[in-house]
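Going in written order, the chains are labelled A, B and C, and every chain counts its residues from 1.
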Amino acid sequence: MLFTTNANMLLRPIMSRATKIARISSCACGGSGLVKAGSRRNIHIERRIEGLGIVLPTAPTPKANYNIVCIPPGENVMYLSGHLPVKADGELIAGAIGPDTGGLTVKEGYDAARTCGLNLIATLKSQLGDLDRVEQVVKVFGIVNSHVDFKHQHLVMDGCSDLMMEVFDKPVGYHARSAIGTNTLPLDVSVEIEMIVKFKPDVYDDEEDEED
Amino acid sequence: MLFTTNANMLLRPIMSRATKIARISSCACGGSGLVKAGSRRNIHIERRIEGLGIVLPTAPTPKANYNIVCIPPGENVMYLSGHLPVKADGELIAGAIGPDTGGLTVKEGYDAARTCGLNLIATLKSQLGDLDRVEQVVKVFGIVNSHVDFKHQHLVMDGCSDLMMEVFDKPVGYHARSAIGTNTLPLDVSVEIEMIVKFKPDVYDDEEDEED
Amino acid sequence: MLFTTNANMLLRPIMSRATKIARISSCACGGSGLVKAGSRRNIHIERRIEGLGIVLPTAPTPKANYNIVCIPPGENVMYLSGHLPVKADGELIAGAIGPDTGGLTVKEGYDAARTCGLNLIATLKSQLGDLDRVEQVVKVFGIVNSHVDFKHQHLVMDGCSDLMMEVFDKPVGYHARSAIGTNTLPLDVSVEIEMIVKFKPDVYDDEEDEED
């Protein structure tokens, strides 16, 4: 099989380029996403992640009747489901932020938002095979588990925004964002973040193809 | 008139295919959305809904200065406004979820989320005329009215996700999703859900037209 | 320089039309967004705003690692970050809505939502140069800072929806919308609103170019 089950949402846009792919590569493909073993692959972003000392967690997999991402057929836009702050060791960062009333500190919230961001990037890598295919981090929406007196959700969400800029830089990582508070979240996680990303059609295009 | 007022957002994409429609059908059209009486119509999904014993409620109509959906001109993507859990008899499902502190149970929340989903599908049918035109349920965003100690918003939102998969199945119904809690919602509804859907241009296309 | 720093997200779609722009205008450009001094410019919407006695605030500028808007490369859709109710004099409208429990009134919430809307329109003008380029207000998502007993977030959000319809009218201003409550927001603002807008490629197109 060319593609793993996890990447099946990508089949339609990719398949429409089957001829091109066949021309370039003999497709001795492994089983990890869309990465082609032995083929020309861009690893600029992944080298930067290594240089930053970042270790990506395992990409999350929903256990219910929804997908971790959805790509509308024929489009190059990926909607990422709400991601939770799961650390590399599998532990969830839980609890509301509210340092003045016994809750987590802003720094702890910031780390939770950064951890959500690492999970989002792990999903991008799992889905796209190659993080250099990320063309634009379009929109980040973050919901911060908050005590009612906590009013700095934006400082918490900087944990995710700073990460996106460290990893993807301007203009790719420079996103629109909303940060809100709420009284409670699934599994008591400290932060939940969803994202919209535009990506390049496949790993074999070096030039941008915007002349549609 | 060819189209009802409710479907006026659809006029632009549909009109651009006027020649094609004229060629296929003599357009003896009734007044219900885009459904053409006596023409070739796909009712695969609607038969499935009947088979499941599901009765759709009346599609909701906003009473304020916004629309129940918006389709960006020239696109095949529909943004559905936040939908409430209005039962077929018109009653709203209200109250926060929080079984340990006197609130509604997870099962009651699940039913509320499913009822939101039925209203979303009723809107899709009203706007598209034919549910077989749904090409992809892209994104579901659900907000669960919650006591502060309630941490299972994801199990509540399964009421909507399960419905989408029952009705549309993979890959059409397999969506990205976020589920969050909140302390209060309009009219004290138990759940509010918004959705993004990609649809096919018109009911007369059997083949997919993705080669733009 | 042709463009201000603030409008740099627009460079890619605009630059792809460089030839066309060069043909029409000698580009004696000022520094305010994409407005061309002395060129043919549509000011229908801005005249309407003046007629309504509306004074737009200064467009907000994020101080953190995200942008006030994001336009996916090659697309005509703008995602506007969560906007706050900053009045023309720079003061924030703060506090939760909840008239029965000592909070702000519905009217005060309505004004806060309208003020968010004015900031969103100020951002649109700053980014597009010309508000007549707004093709469709697609989606408005509003989060209302609420006491737990307050259940009329929809009446608060009418402050933004009414404004969009006053300024842009049907069909351009007729948007999809969700309104939710929450227990707390950044800087204790009363309302936060994000928006998705479809816009026309440039100010020199009078005709719509939807025949893609």
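Keep this in mind: contacts are C-beta pairs under 8 Å (C-beta built on N, C-alpha and C of every residue); 3 or more make two chains touch, one makes a residue touch a chain.
Because the structure is a prediction, the values reported are computed rather than measured.
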| item | value |
| --- | --- |
| Chain labels contacting chain A and also chain C | B |
| Self-contact between copies chain A and chain B, residue sets same or different by half | different |
| Centroid distance [mean C-alpha coordinates] between chain B and chain A, Å | 27 |
| Overlap residues in chain C, where contacts from two or more other chains coincide | 141, 182-183, 212 |
| Footprint of chain A on chain B - complex, ascending | 77, 135-141, 146-154, 158, 161-162, 164-165, 171, 174-183, 196, 198, 208, 210-212 |
| Residue numbers on chain C that touch chain A, as the complex places them | 8-9, 12, 16, 62, 64-70, 72-75, 79-82, 141, 143, 182-188, 192, 194, 212 |
